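Please see the structure below; I have some questions.
Chain nomenclature is as follows: A, B, C and D, assigned in order of appearance, with residue numbering initiated at 1 for each chain independently.
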Amino acid sequence: MANRIKIGIVGATGYTGVELLRLLALHPGAEVTAITSRSEAGVHVADYFPSLRGIYDLAFQTPEEAGLEQCDLVFFATPHGVAMRDAPALLEQGVRVVDLSADFRIKDIPTWEQWYGMPFTAAETLQEAVYGLCELNRESIKTARLVANPGCYPTCVSLPLLPLLQHNLVNTGMPLIADCKSGVSGAGRKAAVGTLFCEAGDNFKAYGIGGHRHLPEIKQTISALQADAAKGFVFVPHLTPVIRGMHATQYVHLQADCNPHDILSSFYRNSPFVDVMPPGSTPETRSVRGANICRISVQKAPQSDVWILLSVIDNLVKGAAGQAVQNMNIMFGFDETAGLQTAPLLP
Amino acid sequence: MANRIKIGIVGATGYTGVELLRLLALHPGAEVTAITSRSEAGVHVADYFPSLRGIYDLAFQTPEEAGLEQCDLVFFATPHGVAMRDAPALLEQGVRVVDLSADFRIKDIPTWEQWYGMPFTAAETLQEAVYGLCELNRESIKTARLVANPGCYPTCVSLPLLPLLQHNLVNTGMPLIADCKSGVSGAGRKAAVGTLFCEAGDNFKAYGIGGHRHLPEIKQTISALQADAAKGFVFVPHLTPVIRGMHATQYVHLQADCNPHDILSSFYRNSPFVDVMPPGSTPETRSVRGANICRISVQKAPQSDVWILLSVIDNLVKGAAGQAVQNMNIMFGFDETAGLQTAPLLP
Amino acid sequence: MANRIKIGIVGATGYTGVELLRLLALHPGAEVTAITSRSEAGVHVADYFPSLRGIYDLAFQTPEEAGLEQCDLVFFATPHGVAMRDAPALLEQGVRVVDLSADFRIKDIPTWEQWYGMPFTAAETLQEAVYGLCELNRESIKTARLVANPGCYPTCVSLPLLPLLQHNLVNTGMPLIADCKSGVSGAGRKAAVGTLFCEAGDNFKAYGIGGHRHLPEIKQTISALQADAAKGFVFVPHLTPVIRGMHATQYVHLQADCNPHDILSSFYRNSPFVDVMPPGSTPETRSVRGANICRISVQKAPQSDVWILLSVIDNLVKGAAGQAVQNMNIMFGFDETAGLQTAPLLP
Amino acid sequence: MANRIKIGIVGATGYTGVELLRLLALHPGAEVTAITSRSEAGVHVADYFPSLRGIYDLAFQTPEEAGLEQCDLVFFATPHGVAMRDAPALLEQGVRVVDLSADFRIKDIPTWEQWYGMPFTAAETLQEAVYGLCELNRESIKTARLVANPGCYPTCVSLPLLPLLQHNLVNTGMPLIADCKSGVSGAGRKAAVGTLFCEAGDNFKAYGIGGHRHLPEIKQTISALQADAAKGFVFVPHLTPVIRGMHATQYVHLQADCNPHDILSSFYRNSPFVDVMPPGSTPETRSVRGANICRISVQKAPQSDVWILLSVIDNLVKGAAGQAVQNMNIMFGFDETAGLQTAPLLP
């Protein structure tokens, strides 16, 4: 496998880390050669994740030992703050980076600092970061050294909106409203009471209404396309007892006489990972379980002027690790679908 | 127990039927004396529902054998069409009726016929039916012979709106939007592929966007209080993998300077089954599991004029059997909380 | 309510604590007057557990402030080690104690110390502790000052065995085998990766085969009744993705010609909380959800000499808080079923 | 793709059918060219299973229209009775068959007729059927025209036993006991009350103790290897609320001084889909979710002579469609792992 690119994963003990490992196991042009974790250094990945027994012969290493500078690409699957600190040195050594954390997603530094509660220390690097929503920035991703992989909510919310915003079709007389529902894996694999089986199971609730960190990220995308449409944007996340899956239900006024279904179909006709479903469809999260797909349907509310945009993704795939691999494919000239062709797991 | 009122339940093999049996088992003033089911006639209820072993010594009977006319109150826990056919004769014999089906909820007969797809045959009886949303119609329920128990979505959606609509506070420049999520038991206990464990489990989806039967019921309530607010009302139901539980997230513009939290708190200060939570709360469905409570919270969306109304109920209790017992309590002069005091089951 | 007994709960922030609060809310003869938690001192219980809003007007206090010595009965719902340290002083002050932890369950101190990994410091108190398996020790519980409430597995495993062991019917040519499955709430409400929704959900596994702390507790009960039957006893616990519920499947050889169904039925004919189901039944955990019941069924394996004993409990009720209240009822001369009469929550 | 073998699937609307489609979508040497369903004839498979949108351009056809005789291999994913009726004609036309139903699993016709309740009508064909437990019959599968794909329980139970039985290591002084737990998808995708989300969810129970159809299938495998070990074999299936997954816990006496871990490791060292885990491991069902793997661990019960064999499979993969593809690979000389290399989906 001498001609495969070498991949490093920083912070591979979480859900996005193990998902990267799962997806990259079948990639024809990439090979994971280094995985890091301070807490699990020395532990074999197959002992930590028995699902990977027989697939990987790798152990976690500390970042210092791992030789990340010899990789062609490093994924950061870390809490915020880590990539900001460690990515610049890798970039200098010629390693390209896809950051799955939030560090390089927000272009306005004061906004980032307000929402993430720490000083931002990589202003220069930020300037070259490309926001890795593949369907929006495919061209600039090709040559990017540093890609900021989008959040799960921003991916699920933005994809149905992009074509409409690009044509300035959103009527701002009514605020855009995004009512979103996330599976529990979005909260990560850290010990916490709120995501225990007996707390999150058989339960449904809203959370973070006062302000979720994905709100400024979504607004940044919206306002770049149709500036006035971000004003008054309403975003309410909810937690639903599924392991993987995210569903956005958006309410929007559009310019009269537009046909949003046709506009979306046209916009995404060459995008292998966005599926605009027939009018009247209701996408379900399990139809994308384990796959790098966003399915979208547009419906008009009965006896109303409001359009309803429905979209689903697997928050760990198109909402995280899958989109990261898609970004890698674009960056390195692989087929955009390489390693991402497995069908969703249903049931 | 000679002085307890005698209760009959028509169609007691479904989830609302078994829930009525669970709740009435502890009621100090009522005794279930007849339960009917054509398909299970002759079967002991404790063989059918092992959870009721040791609690009831009753067998299902056909409606003809059951002697329903000797009851003081009969609950209909049946598909639509049955109460419309059978309730009038019982009323004539002096039996009072609480109908958990949709037959007597809609006052406009053509609307009912359009949504339920059959001719309505009890026009005279309909005139005396009282819509059993207890907190709205408590006074008229007291003397009602026939109460139409509300649907689960209409209960969950209407309770946060009632106080605002009564004061004409809804600003109709933006349509009212109700994004609702229901647990699977709302679909009933009939064999169906769509509600199998492997279809509804680990999955989230919208459904019925083109038109759910609860839409005209909700609009009827809204328009009676603030006529213009029902226009353009948007209702999107979703299915979430919880057994019991319903969550409504509503988006509304209100008149400037009003304080919806205080208005709701004041309106419901004497309602034992509506809990207006402190500002900033996010009610969760499990906090009402098994209990006849609607918890409500009001929040302002950040950087927006939109108010968010959150409400949760157990769809089988305040959304069905519990509210039916509450109606019975009001009709017969029991304490409104009789038989309904058990705490929610958490976890 | 001046003549109600006063109840204190030490460690009321866990699942057994909130379950005690739920059950005692409806008890006619007892009133919770003090709840303690060091970490949550000062927090109102209804802010901590929103399911209790409107039911309790109590705040957590430190054990020192709580005035536990003024209670008639104190429940310890704490990790092991706490009751051993704090119960003796309360007993001296005339307070009776039901300990839901493991401190006083094992009579042999070296065994306890081996399994719980700390020195046992209350040897004198241990002598008076009564093992609170109500159906076994009802008489001695009546006058006990200190009751050691049994573990969930020991309750579920022991109840089907008791009648057989008492008659020396277990044929020890084959070891007794208990294959047990527990819902996740048995692991408590502490932050831990292993019981996250995304780890324990949609998953099934065995655990603790090398030795679970409930093994010596079960063996103690068995050997007291039929000494040789404890030898070689096999106990394998599993984790199943239900919130509440425990199921034991036991395999046993019995003396020829005995009828275990009749023996169990006779033994438990006056026990309100043990339900011996008809031959051929298969009890399910949800048939006891939220209720203080153990349902048992006995079946002969086809073409085999092995008897299969099936039993189910709600691990938080008959396996913890419900049995604790049952013990309280016996200790204080209440009706054994007081406060424990609510029907299981189904579905 | 002219040189790919042509595949037909009879009865492709169920869970094993859609799983075959998922797995075969990535197979390098096979192409699905015909799928049949009487009830859904004319419906596009991607409209029926939205998870397959963009992957298959095929519609269901009636068996008569489908041209199955032009296939190289036909999978039967049908209820019992169909393959028995239709496979012989296909075999005569040179089409090879893998039957996922039970029709050709049992060699003794009276036994089959007793358990499946219908006359067996393909006695001649039965003689050439090879029982498709790949790890047992790999050689004879290579040349088989007709493979009877094993049931899920028989696969999960037999794999840990095979090496021990082949060496006559099972001590028959104690009966072999298999306590098994299945996810709900094992019951198939038919409308039924018992497998509704609200019936099977948050619930655990045994079922079919009086006799499950997989019992004679398991006994046939056992007795062929070590005749006396099948006598008195005890099999208790349970239903656990997971979608995919099966767990067997077996209790067995072995000849003294044998090391079952080493025996299993040696036996399976060349089997890519059986993973013998290190001593002390406890396999979990999610570690094989979506993958064609059986993971096994062996442990000695503490203070006992009993060995505990733990094994997990995904009942739809190694327990059904995956093993069927593995059989196809062996039959057609593909690499045994072709199309079966995707990593398990975790979480």
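In this section, a residue touches a chain if its C-beta (ideal position, glycine included) is under 8 Å from a C-beta of that chain, and two chains touch if they have at least 3 such contacts.
None of the values given here were measured: they were computed from a predicted structure.
Ranking all chains by how far their C-alpha centres lie from the centre of chain D, first place goes to B. Of the two chain pairs examined here, A-D and A-B, it is A-B that is joined by more C-beta pairs in contact. Computed centre separation for the pair chain A/chain D is 36 angstrom, with centres defined by C-alpha atoms.
Put simply, the C-alpha centre of chain B and that of chain D have 45 angstrom between them.
Averaging C-alpha coordinates per chain places the centre of chain A 39 Å away from that of chain B.
Contacts with at least two other chains are made by residues 15, 185, 189, 198-199, 202, 241, 243-244, 283-284, 286, 289, 347 of chain C. Of all residues in chain C, those touching chain B in their complex are 15, 18, 21-22, 25-26, 49-55, 185, 189, 202, 243-244, 272, 275, 277, 281, 283-284, 286-291, 293, 295, 341-347. Only residues 15, 184-185, 189-193, 195-202, 241, 243 of chain C touch chain A when the two sit together in their complex.
Against chain C, in their complex, chain D makes its touches with residues 173-175, 177, 179, 181, 183, 198-199, 201-207, 209-211, 215, 232-236, 238, 240-245, 247, 249, 251, 280, 282-286, 289, 299, 301-306, 308, 310, 312, 347.
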